[in-house]
Structure formats: C-alpha cells, structure tokens
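Next come two complexes built around chain A: one with chain B, the other with chain C.
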Partner chain A sequence: MSTTDLSRDGARSVRGTAMRVLFALCAFLSILTTVAIVLTLLLDAVDFFAAVSPIEFLTGTKWSPTNEPVAFGVLPLVSGTLIITFGSAAIALPIGLLTAIYLSEYASDRRRAFLKPALEVLASVPTVIYGYFALVYVTPALDTFLPLSTFNALSASIMVGIMIIPMVSSISEDAMSAVPDSLRQASYGLGATKFTVSTSVVVPAALSGIFSSFILALSRAIGETMIVAIAAGQTPRMVDLTDPAGLFLDSIQTMTAAMVQIGASDVVGQSTAYKGLFAVGLTLFAITFVMNLVSEWVASRYREVYR
Partner chain B sequence: MTSSETEQTDEQNATPTPGTDGLTDSADDWSADQSTDDRTIIEARDLDVYYGDEQALQSVDVAIPEKRVTAMIGPSGCGKSTFLRSINRMNDLIDAARVEGELLFDGKNVYDDDVDPVALRRKIGMVFQSPNPFPKSIYDNVAYGLEVQGKTDDVDEKVHRALERAALLDEVEDQLDESGLELSGGQQQRLCIARAIAPDPEVLLMDEPASALDPVATSQIEDLIEELAEDYTVVIVTHNMQQAARISDRTAVFLTGGELVEFDDTTKIFENPESQRVEDYITGKFG
Partner chain C sequence: MSVETENGETDGESTFGTVSRTRDVAFRYVALAATLVGIVSLALLLANVAVDAVGWLDWQFLTSPPHPSPFEAGIFPALVGSIALMLLIALITFPLGVGAAIYLEEYASGGLLTRFIQINIANLAGVPSVVYGLLGLGLFVGLLNLGFGTLLVAGFTISLLILPIVIITSQEAIRAVPDSQRQASYGMGATKWQTIRNVVLPRAMPGILTGTILALGRAIGETAPLIMIGAPTTVFGVPNSLFSKISAMPMQIYTWAQYPETEFQYGVVAAAAVTLLVVFLAINSIAILIRNKYQQRTEQ
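Right, the complex of A and B next:
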C-alpha cells in the first residue's frame, strides 16, 4: 500500500467550486446588465414607434420634440454627430498615428517610458472639463480670426479629437510594438532609413491594430456627450454640403446632446418626446455596435500570421 | 616515408610561409598561396564591441578576402554574430552597443563619423537566422530592396534574376503574387537570399542561415552559398562545424569572451590548427 496520500481534500474541492461560481457570476453580471440595457432601450423605443412611424423617424429632416409643431426626424441629429465625428477624426487620426510611430520607432526606451503614460493622462481628464475648456478658451481663441457662433461644432470637434488621441496612439503603438523585430532588421539590412522602415514595414504590418484603434476612437467620438452638449450647442441642423464652412462654424446638436436635452427638460415620463430619447439612444447604440463589428472584422481580416 | 618528409622539410625551408612557422604541409602552402592573391575587402583592426559593460568582442584582427566564403565558428555567446553585425553596423540598432577600433570596408573605416550606415548597408546584404520574409507577395519581397535603394530600372528583370540566382525561380515562377509567408521554411530562406542579392551588394552576411531548416533545405542553401561566392564575398556565421568545413574557404574560430583565436584556411583549421584550444573545440572536447 502506498504511503503517499493522494485522496481528495473535501475542503479544497468546496473552495475551488465556490471560487469558480464567484468568477462566473461576475462574468455573467456584466452580460446581464448589457442585455437589460438593450431590452429597456428596445421596449421604450417600441412604444415610441407606435406613435411615430420608423420611416418618419429615420428619414425626417426636422427634430423638434418639445416645441410645436413637433417633429421627430433623427437625420439632423445624425448629421450633427457625423460633423463631430469627421472633425475629431481629422484631428485625432493623423496626430494619433504619427504619435504612435514616434513612440514605437523613434523614441528611446527612456523617453517612451515617460511619454506613453503622460499621453494616457489625457484620457483620464473628465470630459466635462474638456467641454468647458472648449467653450471658455478654444472658441474665443478661434473667434479672433473665424466668424464663430458661441456654440459651434469646430471647438467641440477639436476637443473631442484631442480627447481620443491617446486611444489612437496607445492602441496603434501596441500594434506596432508587436510587429516582429526580424522584419525591421530585414528592412534595415537592405539599407532602409528609419522612415522607410516605419512606413513600408511597421505600419503595413500593424494595419489591423491601427484600424481597430481608429474605429474604437471614432466610436468614442460618436458616443461623446459632455463636450458636445457644452460646446456645440443645441441646434438640430441638417448637413448643408453646399456650405462646408458653415458646417463647423455654427451650433449643431448631436444625438447624445439631444438625449441630454430631453432628459433634462420637463417633458412628462410617458410622453412621446420622452420615449424619443430611447429611440435616439437605440439608433446610437446600433451605430456604435456596427462600428465595433466592423472593427472586429477588420482586425481579423488584416491580422498577419508571423512565424 | 622518411625521404618524403625530408623532401617536405627542404621545400618548407626553401619557401617559408609567413605566419605559419614553416610547419605547414604542401597542401596548405597551395591554399595559403591562393589566399595571399585574394584582395582583402573587409578588415578588422583591434576591434572591440561592448554591450553596456559587457565586452562581446576583444581586439579582433581579421582580413576577409573578396569573393570567398569566410566562416565564423565558435560556441554560443562567443561573439561571432556580434562580429558579423559590426560589419554592416546593425549593432547601431542596439542602444547599449559600443564599438572601438577599426573596421575597414574597401579600405574605409565604417565607424568614421562621415559614414552613413544606410549607405553602408546598401553595399552589404544580410540574411538572418530565421527566414524573415515581409508579409508581402514573393515579388514585392524581392523588389523591396530595389525600391528602398531607388534602383527602379528593370525591376522585373532584376527580381527574376535574383530569384533564379537564389535557386527559387523554378519553384515560384507561377505564384509571384502570393504571399512570401506561404512558402516552406527553406523556400522562405532562399527568398530572403534573393531579396538580399537583388540590389546587387558586394558582400553577403549570413547569420546562421540554415539553423532553422531541415537537412534537405540546409544542403540546398549550402550549395547556393558556394555558387554565390563566384560573385559575392560571403561571410557566414554558423555553429555547425561540418557546414563551415564543407562550404568555406577560410574559417575564423571565436572562443568564449569574444576572442578570435585562430583565422586561417579552412582545411588548415580543421586538419591542423595552431592552437590547442581550437583543436579541442573542433574535436568536440570543448564547447
């Protein structure tokens, strides 16, 4: 008979099971919350669409939930969101990408160790502070040479863009750092300059991560609320492509800002206007959800397998 | 037997070979004569390389002949790869690396202030330990160096010629648009060789180019290296002594601590080395 005791320890098994259940519960909790949120959005939106037809909602070009004559066309809000998204993308994508190239390829280890966390501090500034900064400093500064309204899409776009730079630079830099060093060596060995190595080897090889960072950052810009609610104003307005300058110089209203406005107003809980909040929310959710799907697809489509 | 030995000694006395103490046999005299005719293309003079406080090469002196295969052998960590990478200044990419002494390429010290490592690397191609094709098509892999170096005339022809020279063209002619990563390990390494020779460098540095390959692919690469030496100076690092014996004309033996212990014709190194330490290493008593 063996002297080594290999029998089960009852207490240890119980502890193991308890831990497993605890971890699983935590995992399911967040999924449950998400499902609950989507369900509430859906239920209230269904109520709303009983009063306003989905076609009217999705194609209407006038948004006036509280003032007579009421209209529930979501397009002006979508175009407001698009303006902010494009404006902030124009700021954040190039600056974020160039920052990532600098951090990954040019900066010394010591400088990167300081710069990367410093950049990420940008992401920890509360967005309400960005909003007031845009309203109180950026708009007056731009107003000295541009015919700006007090509330305008330009300042808000710039601030949203600055807010999402760390997202682009941080995720892109991770992707570039993951590019195998053997590829850089191959390129340097052929007499490539650092710039050529960065642009012809590192960036193409990290493309899936770079695209993911772009899409995540844009999702963040689309969902951003405080900055646009404070600095971009509350004027639902259709995109007028014949007047490109006017797009950014005047006040607009994004989907998020419209939701804040309804939530903060004195509309009755069961009114159509109140239910409209959920319809806009559902539209917003659908857009960011699709963007996340695209991001996943892009990441898997362009992922290179290295040996 | 006795008479032939006497004859040999007489011959030695008549034509003493420098640096060999007159102890070499006639076969070595022949190759020594041949190598004295060779033009030196790369020469290290009292070369030291440090990584931080650690010395990786100790006052290395070596003269590498043009259009020959020169092998660098020695145990792991002996500095042979470091020496290879100091030739085309790939060590520059390591922040902590520091070089003292001279390394002459065509008579010019490559560590002079006015030397651009980018220009240097365009004269000296490199093949690495594991095949590292870019995640691009086979064609674009070979054309990459040409584009980088601005040699954009007749790219098509140069790509085909490089692939042919690397003994790969027949196998990939119909799939030039497919990714280089689709190829087998041995094919990938020949692709990397084609990529390195496409811009027509003068020297080809190879850092254990067959260590990640199977025996069949290894023997293909070895045949290829011997052919390449018709046009290029090949400097190859290998931990495989049989490989060095098979393909190289001259062999440098590095031993622990970054010391170049012996440098001579390959046959001499393997049959009758000067140093007891080299003999111990070659015969497997050490390392």
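Right, the complex of A and C next:
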C-alpha cells in the first residue's frame, strides 16, 4: 500500500474482519501444507529408522526393499538420481544458456514472441508422455547405433534434459534482460562484436541469475518421477565410474522411481518397505528443499546488484 | 562456450579478444540452433505419436473401458475420471488460491510473517510431485482414512500440489491492478472488502482465471501423486461418488506403457497419449483465449 492509503480497514465492520480472517486462513494453509509434508514424512521415517539404522540407510550400497534378503541402502538410488541429473544437466544447461543468450541478445521481438511460449510448452507437457516417448521412440532410435538396454539412463536423461531447458532459459533470460544496456553500449563503443558482448559482458553480469536457474533446473531433474520410472528402469545399482559407457546404457533406478515402485506395489501399511518409502521421500524432499532455498538465495542476492 | 574453442584462441592478452566476424556469425547460428533443438525434438515426437495413434484413436476407444485385448481397449473411465478430478481440483484451488493471494496482496503488512509465507509458497512450488503423493498417502489415506485412490483423496492431493502456482499467478494478477483504482474506490467511501470485491477482483479476474486454468492443465497430467495414493491401475466404471476409486488418463497411460505388446506400445498408448494431449491443449487454449480477450480489452 502506498503512503496515501485511504482505506477504512475492516476493524469497524464485522464483515470486513470476517473476510480478513478468511483470507488469512487461506494463506496460512500454505504453511500448514509444509508442516504436514514434513510431519508425514518424519513420522513414518522415524518408524523406519527404528527398524533400519540411519547409518545403514545412508551408507548401504544395496537397495532391495521387498525381495529377500531385504536391504535398505539408499546409495544405489542416489547414484541413479545423480546419473539422470548429470545426464540431463549436460543437455539442458548449455542448451538453456545458449537459448537465453539468443532470446535476450539476438532474437527480434517477433521471433521472441513465438519462441518463448513454444519453449514453455516443453516444460508443461505431462511427464508421463515424455516417459512414454523416451521408451518407445528415443530408445529404439538410439538403439540403432548404441548397445542400449530396453530401459536405460540415456534416453531418460535426454527427455528430462529437454523438459528442463525452459527452466534454465527463462530465468537466465530474465537475468540477462536485467543487465543494464549501458554495459552493452560501453562494450560496443570499445569495438566489441555481439559475440563478445554476449559472452564477456552479459553472461558474467547475469551470472548469479544463471546459477540460480541451473540449481532450480537440477532440483527439478532430481525430483522428476514419471520419465525415469517409465524409461530408466527399476535396477538399483551403484555407479561404476570405471565403466563410463555402462552408466548410461543400462537400466538404473532413481529415488523417485523406487518410490513409485513401492507405491505401485501392494506393500502392507506397516511394513518396513512402506516406511522406507517415506525415508526416501524425506531424503528427496530435503535435497530439493535445500536446492530451492539456495537458488532463491543466489537469485535474491543478484536482484540487489542493478537496482 | 564450445564455439570459442572451435575458432581457436589466438588472442592471449585481452579478454575481449580479436574482432572475429566469423565467430560472431557462427555463434549466432549455434545459439539459434540451441533454441530450436528442444522445440524441434518435441515436434518430431508429437508427429510420431500422432501418426501411431491413427487407426487406434476412434469412437470405440473413447467410449470403451480398458480391456486386455488392445483392439477392444478404451479410455472412457480414465477420461471421465480425469475430467471429474479436474473439476474437483478447480473447486478446491480456485477459492483457496485466490483467497491466499488477496490476503498476501491486499491485507498482509509485508512484515516478516508475510515474507515467510511468500518464501514458503515459492518453496512449495518446487517440491517434487511424488512427495505430494506421499503427503496424500500419509495424511488423507493414512490419518484421515479417506480410502486408497479415491476421487476425494486424489483431488485433495493434487490441489495442494497446484495451489502454490494458483496463488503465485493470482498474486501477479492482483498486483497488476493499478493502485489508483483502489484509492478511487476508498475515496468514494468504500470499505476494503467492497473495494476488493467491486474493483480489484473484477479487474484481476482474467489474469487469475488464466493462471488457474493453466495450473489445471498441469494437474491433469500429474501421475506420480496418483500412484502414491494407491489409485488402481485399471478401473472399469466411471466415478459416481467422491469415494469411488478413480482412474485418470496419465495413470492409464502409465499402466498401458508397461504392457509389452506392440499393439499397446505403439497403438493403444499412442491413442491415449494423443487423447491426453488434446484435453491438455484444449485447457491451455481456453486460458490463452481468456488472456487474449483481456489484452484486447485493455488496449481499447
């Protein structure tokens, strides 16, 4: 509200107060949601950690929640998630950054008006459809020249990568558009080409916004579920760094895919596998939550620079 | 940049480098290619699925229940389930989302609490959908005992998932209403609530509707939360109460995509994917129509 606020607030009328309280309740619902998420995850996760020690969970290298002998080591799932995150980042970060540079520095207004909504579509297509695409189109196409398994990390990574391109490009572009024109003009005045201006002036000046977009996109890749559940398979295994090709060519299992597998099976409400679901969920929530906070922190630091 | 290494680093002294026209033009095309690669890939995939769906997507498919034989399988219960679910989600998220947005934009003081709520909403928007599924499983199915995979549980769960998006877009719409209009209303002796109801909301409504409908478009494609709350893989009837177990199109696609038969993989699932995409596009077109109509009106 501005300083010339003329509003008579609802303090004098019953209805005004009632509306105020009602709206406030709606807003507080969001805090309740967060509390509910944390509590639901914690309650069952605590039960789980009574049966399986946290050390075993965090350092175990075998994940087998339902088949004997049961094992609840989360590391194979974390390594599966890392493979997908790394693979999709290798696609989305450079492409997204170049896209942002093109949109911010090169594209005409008319082109931008077409390209931006088209890019947004990439992020809004239902992920179950992306998963299906990866399984029935991308994998067979890549299989013609790569020794791929039916389920593999490569096609899932490519699909996740394409899905998160707009996340990188739109936030990075906002950051680049916020770079004052005077910096560009000064650089042109020194005889720099558009390439030099883009890569040596605009990108460094927008760096914190770009980093923020990278972190947000990675967080989205970590939490992506349906693409990896459909196309990347259900084989929890540790990363074997001595076999770089094998990382992507074979089936893996991410944290999210493991959750879907347990969620879709008929595990009993009180079994350790069911509780383990919440422990993995808590791990996933903690990772993405921290990444989102860091992304916001980086972005808000950036915002102050050119104000 | 990869381009930089391709053209060789002849300049050692200055970060500005030599003025290279070739490099400049090459970079322009590389950037354009990068911009197009995602769009073109998606277009190719959509073309593929559209071609595969031909011959499978027919009236029989749209009006039949699922069947073990791909030639008799249909999507009717899932289609009705998805639409029922979407209506329920709209009924829940619209008042709650707009209410929260009104509070944050019109009433809240901008103090520490408001900022906390704001950061919290931004964070909720980034929580993976599968985690919301766990919330639904633990809270609505476990604690409140509303039943595995019922319409009500699915509606509540996905509503919480898209609520942050509805709030954020509604806030933007409300913020875009010029302050002069509020002050004019107050000047006429209107109360805060009268001003919100008669001035702010009508003016912000197109933006709010656009944002809410776009969020519903996202809701209709959500799969992971449905799996987590125990939605059944196959449902043969349409939901007839809030406590019916429901199927939804994305859930049905996920189930069918696991069938190994070629007729399912390249026929039935393609038809289902196209059906979901058509509904998804229809929802988004409505949102865009509202936005365009609104933009034209403000230009006049």
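Basically, the second predicted complex is superposed on the first by the 277 of 307 C-alpha atoms of A that agree within 3 Å, B and C clash if a C-alpha of one lies under 4 Å from a C-alpha of the other, contacts with A are read in each partner's own complex, and residues count from 1 in each chain.
Following the convention adopted for this analysis, contacts are C-beta pairs under 8 Å (C-beta built on N, C-alpha and C of every residue); 3 or more make two chains touch, one makes a residue touch a chain.
The shown structure was predicted, so the numbers you read here are calculated from the model rather than taken from an experiment.
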First, second, both or neither for A:G191, with chain B first and chain C second: both
Partner chain(s) touched by A:D109 [first = chain B, second = chain C, both, neither]: first
Touched partner set for A:P244, first chain B, second chain C, both or neither: neither
Partner chain in contact with A:P69 - chain B first, chain C second, else both or neither: neither
First, second, both or neither for A:T33, with chain B first and chain C second: second
First (chain B), second (chain C), both or neither touched by A:S200: both
Chain B versus chain C as contact partner of A:L216, first or second or both or neither: second
Which partner reaches more residues of chain A (counting touched residues only), chain B or chain C: C
First (chain B), second (chain C), both or neither touched by A:F278: second
Overlapping contact positions on chain A, where the chain C interface meets the chain B interface: 187, 190-193, 196, 200
Complex contact set, residues of chain A against chain B: 108-109, 180, 182-193, 196, 200-201, 204-205, 304-307
Footprint of chain A on chain B - complex, ascending: 88, 90, 93, 95, 118-122, 125-126, 128, 130-136, 144-145, 147-149, 181, 192, 195-196, 199
Touching residues (chain side chain C, partner chain A) in the complex: 1-4, 15-17, 19-21, 23-24, 27-28, 30-32, 34-35, 37-39, 41-42, 45, 48-49, 95-100, 102-104, 106-108, 116-117, 119-124, 126-135, 137-139, 142-143, 160, 163-164, 167, 179, 182-183, 186-187, 189, 191-193, 195-196, 214, 217-218, 220-224, 227-228, 230, 233, 250, 253-254, 257-258, 265-266, 269, 273, 276-277, 280, 284
Touch list for chain A against partner chain C, complex: 1-2, 4-10, 13, 15-16, 19-20, 22-31, 33-34, 36-37, 40-41, 43-44, 94-95, 98-99, 101-103, 106-107, 115, 118-119, 121-122, 124-129, 131-133, 135-137, 162, 165-166, 169, 187, 190-196, 198-200, 216, 219-220, 222-226, 229-230, 256, 259-260, 263-264, 269, 277-278, 281, 284-285, 288-289, 292-293, 296
